[in-house]
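The structure under discussion is supplied below as structure tokens; questions concerning it will follow.
Going by the order they are written in, the chains are A, B, C and D; count residues from 1 in each one.
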Amino acid sequence: MAQLFATDILHGRILISCPDQPGIVAKVSKILYELGANITESAQHTTNPIDGTFFMRIAFDMARKKDALQKLETAITPVANEFSMKFQLTMAEQRKKMAIFVSKEEHCLLELLWQHQTGAIASDIAMVVSNHPDHGDIVRSMGYPFYHIPVDKQNKQIAEQQQLELIQGQVDFIVLARYMQILSPYLVDAFENRIINIHHSFLPAFVGARPYERAYERGVKIIGATAHYVTAELDAGPIIEQDVQRIHHGYSVQDMKAMGRLIERTVLARAVAFHVDDRILIHENKTIVFS
Amino acid sequence: MAQLFATDILHGRILISCPDQPGIVAKVSKILYELGANITESAQHTTNPIDGTFFMRIAFDMARKKDALQKLETAITPVANEFSMKFQLTMAEQRKKMAIFVSKEEHCLLELLWQHQTGAIASDIAMVVSNHPDHGDIVRSMGYPFYHIPVDKQNKQIAEQQQLELIQGQVDFIVLARYMQILSPYLVDAFENRIINIHHSFLPAFVGARPYERAYERGVKIIGATAHYVTAELDAGPIIEQDVQRIHHGYSVQDMKAMGRLIERTVLARAVAFHVDDRILIHENKTIVFS
Amino acid sequence: MAQLFATDILHGRILISCPDQPGIVAKVSKILYELGANITESAQHTTNPIDGTFFMRIAFDMARKKDALQKLETAITPVANEFSMKFQLTMAEQRKKMAIFVSKEEHCLLELLWQHQTGAIASDIAMVVSNHPDHGDIVRSMGYPFYHIPVDKQNKQIAEQQQLELIQGQVDFIVLARYMQILSPYLVDAFENRIINIHHSFLPAFVGARPYERAYERGVKIIGATAHYVTAELDAGPIIEQDVQRIHHGYSVQDMKAMGRLIERTVLARAVAFHVDDRILIHENKTIVFS
Amino acid sequence: MAQLFATDILHGRILISCPDQPGIVAKVSKILYELGANITESAQHTTNPIDGTFFMRIAFDMARKKDALQKLETAITPVANEFSMKFQLTMAEQRKKMAIFVSKEEHCLLELLWQHQTGAIASDIAMVVSNHPDHGDIVRSMGYPFYHIPVDKQNKQIAEQQQLELIQGQVDFIVLARYMQILSPYLVDAFENRIINIHHSFLPAFVGARPYERAYERGVKIIGATAHYVTAELDAGPIIEQDVQRIHHGYSVQDMKAMGRLIERTVLARAVAFHVDDRILIHENKTIVFS
């Protein structure tokens, strides 16, 4: 997992998906070997060895040389074509740029900022965008840009246009850290598989609004939270991470919300770190997470 | 919790529910004191101190004397009337009689029989009833009566009549230990709040059939099981106990079922023990479990 | 659990311990009833109904009247004498005053400050004391007094004298939020059962220094953290709360520390909330926590 | 994970450890590819890419042909020599033969037998050996050989000689399923890294005898169990698997033991399945478990 970085070493990752067939690992690892890369982490998954889809994540170290990554990409491309492979090649030092969208509740926002400062989330935070001004002071005092874009029924389209202008070209992915507005389809489309939301229930239980109230009414003994990619269908995108905590009959809705905040922030931060570290592949409506 | 029983000591329990108001605990505990009972465990819950409902469970020891429990009941009755109280007075040694209904999967059945033999489930097991003959040998070899009553679409009404004749007057409650037939309303009515089912999902997620298959399709990262009382509406009765386990993308449906069996048997056995030890009160569609 | 407070209602709590014998609950609840208190939460524990020790926590609401609590105390005192009872009577609104001691790692400090601001920790924070200046700015910017008292081998006695002068009469209890100095016996004595420490292991495993390094060397599959009261013997005081997380062979010491920080902060905050809400009784070297 | 087996397909596994250096994966996967094997699962771990030790597990499918595995072994041997590699090549269908040693407590024994019958533990059970006659009937009725070899201070050496004669050449590994005798060094040596014990505590807490009693005295809030390989030093061998459950002040030693039994059996069965499925590598005193 986490490693200290030496300046003369490149830390690369390659994510692969393709129809499963013999020889994929052999070909890819041979290329890495021939270009002097040392595999430090490797994981693979197949939906079915016969006619299934194959997924692989390889993390590797290689000496920092001019055009090292380009050479690797050039070498892999014919193999990718041969195996009908989709692949993604990244370097740890090319940090992804994140935008955090937040409304009034601050616990997920603060967790992301704190974990960013400890280094656990190894991305850049390009900006924090909120439909409320409340968190501007704390965000700015921690050194991050903050933009207040009010959203209401009248101005929703204009507001989203403003958001898009802010983030377009500036951010690689968006984290909805308890952002209580539903995004328009064109924003979801523009950031396909690159918007992470935290839902305050153990999905698919309690899809939609007011999950803690409904969990209370149903009398569940365990509550949870779910981080998932955002798709056109509300709360139905690929699940990245979930966690739960035990409750009992003595928990009021307020108690459940307080407990829930602790789950939500941890689950969201973990999902964001998986995304930032290129540990997630999406297949149909599910994730493969090489954690 | 568990105690060794001395033969000259009665171990009693009283379950109470009534509109909340000051003085309930004072009155009840004074009666117990005056009749020589020593409170060994006590728990209470109120939905709201103003106009809410109050619930209490008291476990007590008292010297074994002729008519001790009747005297206690006689003493409590006027207080119960004064506070519009429902109460239930039981002795640990008056063991409840359980019927286990089971189909082909044996893991929950075996767990109940094993925990019964270790003493963790302190009821009697009056009989095991199955729509398949498969488990007859093992059940009988462990010393329990086994009845095979085949159920199919044609004979369902007759079969349930046979079941009812078997259990009527012989059992206090029914445990559906992976019994894959839906009970008829008249059986559910006859044993209101006295039929415990294990559902192989983390309810309310995946209500209905094939929950593991659907959990697999949805790509959840945690699976669970739920023990609940059976009501007219399928899988919607008061939840008694739930538990979960973490899974990942490498789990096939078969793997999830194997993991699920381990969760199901433990959750069901825990719920049954709560019921047997009179630790559960039902309020609206929820349980208060004094565990 | 948590409740909204009405201004004309007093929210009181009484903690009791005494030799177990029949009649304790009856007497105490009768007094509460006669003074107009409504019991909202009640829990009890006995080490043994015969010759054991009895513990009880009662939370109650009563109308805010002049001298209400004094009257209650006066009424209970003769019962306390009769039963050789120790009791403690508090009101939720008389908030305890906490001092936080911290060294370089900030995660537990920030968690306490954040949970204090959300209301989950219902005490006052009188001051933050550190042997390093690092956290002064953030603490002061959040509105709390910060004192930097350097500690080294030469000045340790003087430094502790300064600490004692700061806190004497100003604070009710001390939280060691990753404070990496061992307290002198006279400070421990002065705050007996009122200093809470977070130890970064699942005690009693890895007592002492460098627990994550040692957990790594031992190859454990689960790591944890333990909040406990501080006693003269290092890491051996009564345990208040513990929690754990699963790890695997891929975790470096750094990874374990990162995961550990998330456990530590939650466990410590939970333990502090239990203390603040008067949910803890100490018996011999163990806690009874009515959570 | 689990797979259905086709009769014309071989399911193989290769476990590798060697000094880490570039090219290992490339070489091994090329050989598998050239011999027509399809990699279905692959995991690797390195203690350090520079000068560390490298570990890999590959599961693969290949057409069932005469001498297929021998050919693979022959092809890998020169690579193994080149990389100073230790490797182990097995087939799922060559089931390991297990001996279960047990004393009076039956919960771990029954769990192993049950999981064996469900197929979750894919080994053979060659025999059950006990120093007490108690479980003979149930073991034999389930179709397994049972040997009663009494052990006491006088006959310990003779008894162990009898055990060794029974198992020598008949079993591949031994599971101590709550076997309450300490094995002699020569038995431990003869089955190095092939004896699995379940210890009824969360090691390294409560090494040695009476762990639940000591956990009770220490007032821990979580109890656990640990499956580990047996080495010369008591309770200090490589940890395979651990799990825990939350308890509270109301748990007596008896309650803790009852709860503990549920943890022990699951942890042990999981560890045994890992061993049977060749998912464990040992490095120094730690395990790498590719689960």
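Keep this in mind: contacts are C-beta pairs under 8 Å (C-beta built on N, C-alpha and C of every residue); 3 or more make two chains touch, one makes a residue touch a chain.
Keep in mind it's a predicted model, so treat the numbers as computed, not measured.
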Chains touching both chain B and chain C: A, D
Farthest chain (mean CA position) relative to chain C: D
Separation of chain A from chain D, taking each centre as the mean of its C-alpha atoms, in whole Å: 36
Whole-Å separation of chain centres (CA-atom averages), chain C against chain D: 42
Chain D, residues touching no fewer than two other chains: 41, 250
Residues of chain A defined as touching chain B within the complex: 45, 202-206, 217-222, 224, 238-244, 248-250, 285-289, 291
For the chain B and chain C complex, residues of the former touching the latter: 20-27, 29-30, 32-34, 36-44, 46, 49, 61, 246
Residues of chain C touching chain A in the complex: 1-3, 41, 107, 110, 114, 118, 120, 141, 250-252, 254-255, 258, 261-262, 266
